[in-house]
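Multiple structures follow.
Two complexes are shown next, each including subunit A; its partner changes from subunit B in the first to subunit C in the second.
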Partner chain A sequence: METKLLENRLKESGSSGNLYLGIDVGSVSTKIAIINEDRELVFGMWSRSQGSPVQSTQESFGNLGESLDDDVGCRIMGVGTTGSARYLVKAIVGADIAKTEIICQAVATSFYMPGVRTILEIGGQDNKVILMKDGIITDFAMNSICAAGTGSFLDHQANRLGIPIEKFGDYAAKSEVDVVIAGRCTVFAESDMVHKQQMGHSKEDIIAGLCEALARNYLNNVCKGKKLNSPIAFQGGVAANSAIRKAFQKELGCEINVHKYFLVMGAVGAAMLAREQVRAENLKTSFRGFKVSETKFIPKAFNCQGCNNRCEITYVQELVGEIVARWGDRCGKWTL
Partner chain B sequence: MHTSIKKKQGTIGIPRGLLYYKYFPLWKTFFEKLDYRVVASEKTNAGTLKEGSRYAIDEICIPLKVYYGHVVNLIGKEIDYLFVPRYISTTFGTYMCPKFLGLPDLIRGTINNLPRIIEMEIDLRKKPIFYSMLETGRKLNGSFSQIKSAFEESVKTYQRFRIIMEAGFTFQEAFDSLAKNPAEVLERRPTGNPVKVAVVGHGYNVHDPFVNMGLIKKLEDMKVDAVVLENLPVQIFRQKTKISETLKNYWGNEEEILSGVDYLFKNNLVDGVIFLCSFCCGPDSLIDEIITRDAKTRDIPYICVVMDEHSGQVGVITRVEAFVDMILRRKRSRGIKEAG
Partner chain C sequence: MSEGKRLVAFPHMGNNWPAFKSLFENAGAEAYVPGKNNARGLECGLKFSPEWICLPFKITIANFIEALDKGVKTIVMASDCGPCRFGFYHAVQEKILKDLGYDVEIKCLLQADLLTFEWADLLQSIRGTRLPLSRFKLLWIARIFFMKLQLIQLAEKLEGKTRPYEVRRGETTKALERCLKMIDEAGTHQQLRGLKHLIKEEFAKVEKAGREKIILKVVLTGEIFVALDCFANQDVKKKLGELGCEVCMGISLYDWVKHKAHVNFHRKYLEYLSKSHRDIGGLQLDIGGEAFWVLGQYIDFSRGGIDGFVHVYPFTCMPEITAKSIITKWYNDGIFDVPPLFLGFDEHAGEAGLMTRLEAYTDLLRTKKKKLINGN
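Moving on, here comes the complex of A and B:
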């Protein structure tokens, strides 16, 4: 599994003190963040996830074991989850809160970049824009049903061109001619790219064109009608792509900041919110410990026959033990 | 021809879709007073939408697909008549969406084996509702005096229904309590959650938990008081809204939404507004923009949640959760500022 260790200051920060854990399980990656009582990031890890959120979380926890001392698990005072699988992961690891990515991103970003006004976030399957003022969200928007212009699309095109996604920025930097790619729809963008290739344009120019199309599409669709004030922060996996960042700078005419923790910002926010909650309500964390990675969970599903809705009920059960989570019903009969 | 069920003159089926969520108590009382039995189709479920999508054209909005589904459901229920009104205008100076204007024709043109359709034309721009009801009552063998008293009775029921909803009840609660003793004192729905949010939109989106994926219940679970348009004082809907000096709205349903939102905004009654909007609803998309601008100038959180038959629950929940969290944090920081 591909992983990136963004921060590990656990050793230097000593072996005592409370810690808070944040887990962000998205469609293509899993992010783990551990913060201390002063809300500073002491450990941050990103890993590409393949398969179910349960597996991804467990694998990430498994990898953690190598970098963490045993006592770290005991020092965790609160756990927060975020991302599209936040409720599932909350049930599996015994987290204290599950919050949307929007709130998590906003909370963490305004801590690391005080005064931030706009957060552009482009992830694997969705993208969002968050507008802030004085550390408070004033407005936000997410892409609708369509996932055009998200990380998955770039991944797919990188595969097609035979260029690793990490090299996209370098390639685009070498572009000499402006090539316009239709970015409105993934399907059209792809056929447009094929066409441009056949016309003899270089890969460099096409990649640069693609990145600009993606930025344009994002600004037109997600941010439509919104005033993007600076300072602007750019986050999510796609922020690693310097060509997209440049495209945003060109379109918006101002500096686009990418914080060094941009990959784990959502997880950091989840940890911060867990800290906030635990302290406000004097909670004792229900965290089940990192050894949860060794527990065998079996995801199962069935169609409820109770009424005409035929809801798809999914649940997760421990190999030996009880059902940890169950949902999918409209009426609430099965939800656990 | 008339099957005599409990000595009644026949059974009238009313589809549980579109303006059912507005006028069902009225129609039910009217037909029952004319000595007919009234049945509504089953509550919307996945089967309703599936059946409806089979008949309706692909590009049409879900509320209409759901309506088709309800009509199909009623055909299996041994009814003698199907009540499909033609709503042209329900308030003076406005028009309904074209799909309402042609509703009986749409149903007749697409679904086979229909029972006799009672098609009542409601056009308040041209004639008072009583004349529409009189015409229909005559066709159903009612005498003038019988129709007149049925009319009065149904208007009374409708008004009572509105009063109950105004007290803060949901559609279903208000409808259920119609059967109770009128002398029973209405207790205002308990409120007092930290956040109060208005859920506006067409009744068939707001009051049908299948279509909106149980949004009202979700909000309650999140400790949010949900206010719907019908909870607002009836008289605020009587004035015409004005978008700007030159622009006037002429869509009937949208007029209601605009009046409601305007009232909520001006009186600062809620912490935020959620607009439930059907995918591909023309009029809704127009007023979304108007409300967005208004909300921005007044600095009131506003979100438009678009629903279509493909939307998973996750998308709606994430947006609403983030919206509520945003309001909570906003309130908290304002509280700190004021205290400091």
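Moving on, here comes the complex of A and C:
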């Protein structure tokens, strides 16, 4: 499994003091962040995941074991989860809170970049824009039904062109001619690219055109005429791509900031919110420890036959033991 | 089914079925109440609806097919000569059903102006007997209908107010079900008059927690079918309630019927509000759906008293999208400062996305309110 260690200052920060853990399980990657009592990031890890959220979390925890001392697990005072699988992961690791990516991103970003007004977030399957004022969210939007312009689309195209996604920025920088590619729809964008390739345009120009199309698509379909005030922060996996960042700068006409922790910002936010919650309510964390990675969980599903809605009920069970979580029903008969 | 009585079906819209049931039964017909709207029914509705039509059309046609399969031959569908395509639904639906081979007659309940008493002809025609309904009886039927709608409105209001405080999840929903059953069973004025008290008691019985956490007050409004039917809006009201919001319904069928009988003065006021904001883009006339009044409500509520404004509509609903764009502009330009949330519904079942939006929205409102309370 591909992993990136963004920060590891656990050794320097000593062996005592409270820590808070944040987990962000997205569609293509799992992010883990540990912060200390002063909200500083002491450990951050990103890993690409392909399995179910349960597997991804467990694998990430397994990898953690190598970089962490045993006592770290005992010093964790609160755990927060975020991402689309937040409730599932919360049930599995025994987290204290599960919050949406939107609020987590906002909390963490306004800590690292006080005064930030706009957060652009492009992840694997989701696009979001968050507008803030004086440290609180005033508005937000998400892509609704279309995945055009998300990280997965870029990934797919990189594969098609035979270029590693990490090199996209370098390639685009070498572009000399402006190539226009339709960004409204993934399918049309792809046929546009094929066409341009056959016309004899270079890969570099096509990649630059693609990045600009993605930025345009994002601004039209997600931001939809919202007023984007600077300072603007750019986050999520796609922020690693310098060509997209440049395309945004060109379209918006202002500086786009990418913080060095942009990959784990959501997880950091989850940890911060967990810290707040635990401190405010004097909670004792229900964290089950990093050894959760060794427990075997079985996700299962069935169709409830109670009424004509035929809800799909999903649940997670320990191999030997009880059901950890169950949801998916409209009426509340099964929810645990 | 008793001998000689005609079996009549009608669309299932939210919690309003007891009122319609009594309307047709009192007129002398037998009422068939379609089951609660559900995913299976919708699948069937999708199969026989035009692709670009809105969700209410798809759900109602599913109701009709269910009824027809049970032997119903007469269906009553509302119609309007308003500016949106809803006015043609009954005709198109009849054609679709006939093409499918059903022997069906869709009678149209013209709601454009209830004071023309066209509905009296409709009630007469479903009676199955030539014996005319007396004027006294007609007014009595209408009265019962009104009283039931009013009680349903009350129950829905209390439901929204009670849910964020409930200790055990689901109790409020159960209380609502009990109230609807009582409303359905009551048949006379006297019984209905007594119900008001019983409904309040029913919700008072729900065990409530203290008020230590911040409870938000949110308005739920928008296109009437989607706003009122909890299947169509994927239980938005319940979800908001469980996230700690008192949900105030901006719309009810009682409200709408009163409006069509020209006795809804609150709506007149909302119209005035929208009209008087002409300079910033307020609508000047009814463009269909609820757009005209939604704008009025947004202006009205922005003057205080609420934290959030949730606007729901079926995907492809022209009037509501117009209202949405106007409200978005007002909010972005800083003319009003209640954050709106817009939710368009169609057949998709993407619940995770809806939950993320609702959670983020309530978090947004909560931080805003906390800041207001703490004064910094």
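Please note the rule applied: the second predicted complex is superposed on the first by the 336 of 336 C-alpha atoms of A that agree within 3 Å, B and C clash if a C-alpha of one lies under 4 Å from a C-alpha of the other, contacts with A are read in each partner's own complex, and residues count from 1 in each chain.
The criterion applied here is as follows: a contact is a pair of C-beta atoms (placed from the backbone, for glycine too) under 8 Å apart; a residue touches a chain by one contact, two chains touch by 3 or more.
Quantities reported herein were computed from a predicted structural model and do not represent experimental measurements.
**Student:** Using the overlay on subunit A, decide if subunit B and subunit C clash or can fit next to each other.
**Tutor:** clash
**Student:** Give one of first, second, both or neither to describe whether A:Ile323 is in contact with subunit B, with subunit C, with both, or with none.
**Tutor:** neither
**Student:** Under the stated touch criterion, which partner chain does A:Asn309 make contact with: subunit B (first), subunit C (second), both, or neither?
**Tutor:** both
**Student:** Identify the partner contact of A:Met113: answer first if only subunit B is touched, second if only subunit C is, both if each is, neither if none is.
**Tutor:** neither
**Student:** Check the residue A:Ile102 against both partner chains and state whether it touches subunit B (first), subunit C (second), both, or neither.
**Tutor:** In the superposition, A:Ile102 touches subunit B and subunit C alike.
**Student:** After superposing on chain A, check 41-49, 167-175 or 203-211 and name the one in subunit C that bumps into subunit B.
**Tutor:** The one stretch of subunit C in steric conflict with subunit B is 41-49.
**Student:** Output the subunit A positions appearing in both contact lists, the one against subunit B and the one against subunit C.
**Tutor:** On subunit A, the overlap between the subunit B and subunit C contacts is residues 84, 99-103, 136-140, 142, 144-145, 225, 307-311, 330.
**Student:** Sort out for me which residues of subunit A touch subunit C in the complex.
**Tutor:** Residue positions touching the partner: 84, 99-103, 136-140, 142, 144-145, 225-227, 307-311, 330-332, 335.
**Student:** List the residues on subunit C that touch subunit A in their complex, please.
**Tutor:** 35-36, 38-41, 169-170, 173, 235, 328, 331-332, 339, 344, 348, 350, 352-353, 356-357, 359-361, 363-364, 367-368, 371
**Student:** Give the list of subunit A residues in touch with subunit B in this complex.
**Tutor:** Touching subunit B: residues 84, 99-103, 134-140, 142, 144-145, 225, 307-311, 330 of subunit A.
**Student:** How about subunit B: which of its residues touch subunit A in the complex?
**Tutor:** Residue list for subunit B touching subunit A: 42, 45-48, 209-210, 213-214, 292, 299, 301, 306, 308, 310-311, 314-315, 318-319, 321-322, 325-326, 329-330, 333.
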